[in-house]
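What follows are several structures.
One chain, chain A, appears in both complexes that follow, with chain B as partner in the first and chain C in the second.
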Partner chain A sequence: MASVSVESLTKVFPNGVKALDDVSLSVDDGEFFALLGPSGCGKTTLLRILAGLEPPSSGTITIGGRNVTRLPPRGRNVAMVFQDYALFPHMTVAENVAYPLKVHRIDKATRRRRAEEVGGGLGLTPLMDRRPGQLSGGQQQRAALARAMAADAVLFLFDEPLSNLDARLRMEARTLLKRLHREVRKTTVYVTHDQSEALALADRVAVMDHGALRQVGPPAEIFHHPGNLFVAGFIGSTPMNLLPARMLDSHVLVAGEAIPLGTPGGESLGGAAGRDIVLAVRPEYMTLAAERTPGSVPAEVEVVEDLGTTYLVTLRGPDSTIQAVVPETRVPKPGDRLFAGADWSRASFYDPDSGERLEVAVSTGPTPPTALRLGNKLSN
Partner chain B sequence: MHPTSKTAEQAVEPSLGPVTSLEVTGPSGLGRKWAGVFLTPSALLIGVFLVFPAVWTLYLGLTNFSLVGFAAAHPTFEGLTNYKNALTDPEFGNSLLITLIYVFGSAVVGQVVLGFAMAWRFKDWRSPLRRVVEALAIIAWIVPGSVVAFLWISYLQGNIGPLIEHGTLDVILHISTNWFLQFPLLSLIIFNIWRGSAFSMMLFNGALQSVPPSYLETAKISGASELQQLRDVVLPRIKGHVLTDVLLISLWTFNDFTPYLITAGGPNGQTETLPVFVYKVAFQQGDLGYASAISLIMLVINSVIAVVYLRMLRARSQ
Partner chain C sequence: MSTPAVPVHELRFRGVLATFAGRAGFYAFAALVAAFFALPMAWLVLAPFEAHPTFVANLVQPTLHNFPVVFKNPDALASLRNSLVLSLGTMALVVLCASLAAYALSRVKLPGRDAVLYILLLFSSVVTGSAAMVPIFVLVYDLHLINSLEGVILVLAGGTLPASIFILKDFMDSVPTSYEESARVFGAGPFRILKDVVAPIVRPGLVVIAVWTIVTVWGSFLTPFILLDKPSLLPASVEIYSYYDVGGSAKLPLIAAFALVYTLPVVVIYLVVQHRYGFRFFGGIKG
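Let's look at the complex of A and B:
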């Protein structure tokens, strides 16, 4: 068991690419910590530096109170699961699982016992004498997991361990990972580009971009209160609506519609009333209505996409494109002219220049958000 | 044939049509006759320059054919006499032993180990030094035998004209040693390691590329030392490459004639490998029949080496 602390870590590759730029973070003992970001954001580099596979250019890494910055991988007592599982094809599952013990010259009987013990918990018992080539993707993934657990490491490192699985298996494996973590409570750093994985698994998520941390926090905070426009645009199964708006004294003006604020905007923005802002609201919190209601804007339906239980509707608004997720019972058709409203209390506000979040509360008083949802009868 | 059932048949076995047409025209789609026409020139060349000499050697080995004298004009059939002579000839036995030491020392151990060591060491290097060392090794490998022979004579022996009076190595070390007299076979073995390691290095460069980095990294994180990584991850993965490499360089070294260009078999037969011995018997003693017989024995030994390696390769893949 160990906590991890990373201090002002920078990594510049020999070809001049700056993969990490002054990254500092800490992972608590027993925490499941996800590094999330688009490809090339530096998340895998950070993980590899934690493992000792890459030397950092500067900065320090502490695992379990021990400065391991200059230690080789074997001195760090960590276990890592790779995207391709890296199971040795010439060894059986049992030999693979117990490989960390073999390296430490532990006798064969003990190795076998340990492999059976760890593998048993992952449903590998009938597969112990098979070769990795004879296993399905999901079984290989569990074997790689078993090997990491057999090592008795203080820290688990996962490098996109689910991305080689098909969608259905990925869900199963995700649940398995979550259950395992609840059982063993081992400190885990988990790299993924899949936000649903990060949000579902992690106690805390760090969103990375261009070698820097953009936001660190629990999944709910990341999802509901994105700290900047990058996180707002990156998180969410459908991209957030980013609408140009204008901050007034006690209202936000979106396409000519006034949305009342909880606290006077000018006050909370330090006298910035009258300035342009970006209003962000998730398509899931948008509503479509046939009649005009307070705080809704006119829009024409362009595209309707079937998401299964819901539909994603793309509309052309007065200033920008708007997307809304609607229930399967009320599906508009392309060409319909509707009014797009929202649960504006769910909206976030950003400075269009810096991209940083503006702390503004939308009023739930005079015109309650529910009022915007009235008159949802659609013209078909 | 069955127009009514044709569509049903096609639905069940759509490959039926193409397969029958393949039997008529062959995989090239030419038809047997034309395929034969195109094969003839290469078959003729192989016949004239490969098959005929082999059969001719087989025949000569059974005669007392010689370079000069009465037997040159009227060779007589001697049966297996040449083979009996070879197997009891101490010179042949000695030559075979020297060849085996030369092959084992310079190829199986020297080139494989040095070639692998270079490939392994250079694997993660991105520095220009790697390119320089690789280029030097490859130059040693591709320069013609006569040139490298001259280079090594000037390096270890000197005594070729007023410019190269002393061996370069002696000049560097400020000593005076006659390497080819004092350590003839060892000198040749080191020469051949220098000359041939580039091939193994290049082959292992490619082989190591086939080891996924995540395998080595998993081993490293598990705590494996470099030797354990080689034993547990790398060697099982590239066993096939190692066998192929050992087979090729064993055969090349076994049949290598470059030693003759350096030491001509001397001193006192100490570097007389089989190819040198055959050359001596055929063109210095003029005994072509006996030389043919020894050549055929060499061919058999080559075949045995090849079969053993191929068996090992096949056993590995099963």
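Let's look at the complex of A and C:
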């Protein structure tokens, strides 16, 4: 058990690529921490530096209160699950699982017992004497997990462990990981490019881009209050609507429609009045109506996509494209002219130049809901 | 090119005839080549069992009498033992050094690494070849290793190492680094990784260089011939050249039987390796 702290970590590769730029973060003891970002954002490099597989260019790493920056992997007592599992092809499952113990010169009988014990917990008992080549993808993944658990390390590192599994197995493995973490409560750093994995598994998520942390926080905060335009655009199964808008004294003007702000007199604007902003709202919080109501903008349906229980509707608005997720009972047709409203209290506001979040509260008081929750009035 | 007088089926018949003649010619040539190479083999197999062998491969008076002659000759047995020591000793040295060198060369990126490897490969034939024999003799003499099997092992290993490193590096390049990285994360050092992870995965490559080294050394003549002159140290490949009687004519019964005994270990190695690996050395290591 150990907490992890990373301070001003920078990594420049010999070819001049700056993979990490002054990254600082801390992971609490027993926390499940996800590093999330598009490919090439530096998340895997950060993980490899934590494992000791790459030396950092500058900065310090502390694991369990011990400065391990200059230590090789063997001095760090960490366990890692690799994307391709990296199970040794010439060893049986039992030998693979027990390999960390072999390195520590633990006798053969103890090794076998420990492998049976850990493997049994992951349903590997009937597979102990097989070789990795004879296992399915899901079984290999569990064997790699068992090997990491057998190591008895203070820190678990996962490098996209689910990305080689098919969709259904991935869900199962995700649930398994969550259950295991609840049982053993080991500090875990989990790298993924799949936001649903990060949001589902992690206690806290760090969103990375171009070698820098863009936002660190619990999944709900990342999802509902993206800290900047990058996170707003990156998180969510459907991309957030980013609408150009203008901040007025007590309203936000979107495509000519005024949306009231929460605090009367514009106290919360912080001198932002009169400036251009970007208004971000998730398609899930958008509503479509046949009649014009306050706080909605006219739009024409262009594309309708079936998502199963819901439909993703893409509309052409006055200034920009708008996407809305509607229930399967109220599906418009392409060419329909509708009015797009939203639960504006769910909206976020951003500075269009810096991309940073502007803290502005939108009223959820008695006036807007009738005007803004328009979904029920949609005509079929 | 128009010859309308000849009907089409006639042309086709001529074509078939030409093809047939071509085939027949090719097979005749191939048979000739095969006979050229098979005749010495036939001699090798038949002559030891002939009571009065000549240079003709035939079996007039079958006998097993030639073999006791070989086994009663103390120098003959000693030479086979010397050959064994040289082969296995060189093989052990080459497998050990080539593993270490190939692993390092495969994993450490040095500028000009590939050029160095190619140059080494090019010059390796010089080391055990006749061109470098004088300097090598002087070197071994100065090291006081003349008339010692160790000296021969060192020179032969030097000659076979570059090609072995070259072959083995290719095998090691194909081992994914994530295997080593996972071993490293679990606490293994470089030697343990080589022993536990890389060597077992490239075992077919190790077998290739081991067999190749044994066979090369088993058949090598020039190096031991020059570096050894004590009769008790000569390997079989050199020993066989001393089987002349006082009159200067070859002791054919002895030579024939000795040659067969000398050949058998190599054949056995090939059979064993083929049985275990089916000669699919370069088949990859898909898990």
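The rule we apply is simple: the second predicted complex is superposed on the first by the 366 of 380 C-alpha atoms of A that agree within 3 Å, B and C clash if a C-alpha of one lies under 4 Å from a C-alpha of the other, contacts with A are read in each partner's own complex, and residues count from 1 in each chain.
Assume a residue touches a chain if its C-beta (ideal position, glycine included) is under 8 Å from a C-beta of that chain, and two chains touch if they have at least 3 such contacts.
Treat the numbers as computed from the prediction; the structure is a model and nothing was measured.
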- Specify the outcome, clash or fit, for chain B and chain C once both structures are aligned onto chain A. clash
- Partner chain(s) touched by A:Gly133 [first = chain B, second = chain C, both, neither]: second
- Once the shared chain is lined up, is A:Val103 touching chain B (first), chain C (second), both, or neither of them? both
- Message: Let me test your reading of the model: by the given contact rule, A:Phe82 touches which partner, first (chain B), second (chain C), both or neither?
- Response: both
- Between chain B (first) and chain C (second), which does A:Pro73 come into contact with in this model arrangement: first, second, both, or neither? both
- Could you say whether A:Pro55 touches chain B, chain C, both of them, or neither, answering first, second, both or neither? neither
- Message: Quick check on my understanding: which residues of chain A belong to both its chain B contact set and its chain C contact set?
- Response: 51-53, 72-74, 78-80, 82-84, 86, 88-90, 99-100, 102-104, 147, 151
- List of chain A residues in touch with chain B within their complex: 14, 51-53, 72-74, 76, 78-80, 82-84, 86, 88-90, 99-100, 102-104, 147, 151
- Mind pulling up the chain B residues that touch chain A in the complex? 126, 212, 214-215, 217-225, 228, 232-233, 236-237
- Item | Interface residues, chain C side, partner chain A - complex | 176, 178-179, 181-189, 192, 196-197, 200-201, 203, 285-287
- Note on the structure: Seen from chain A, its contact residues with chain C in the complex are 51-53, 72-74, 78-80, 82-84, 86-90, 99-100, 102-104, 131-133, 147, 151, 157
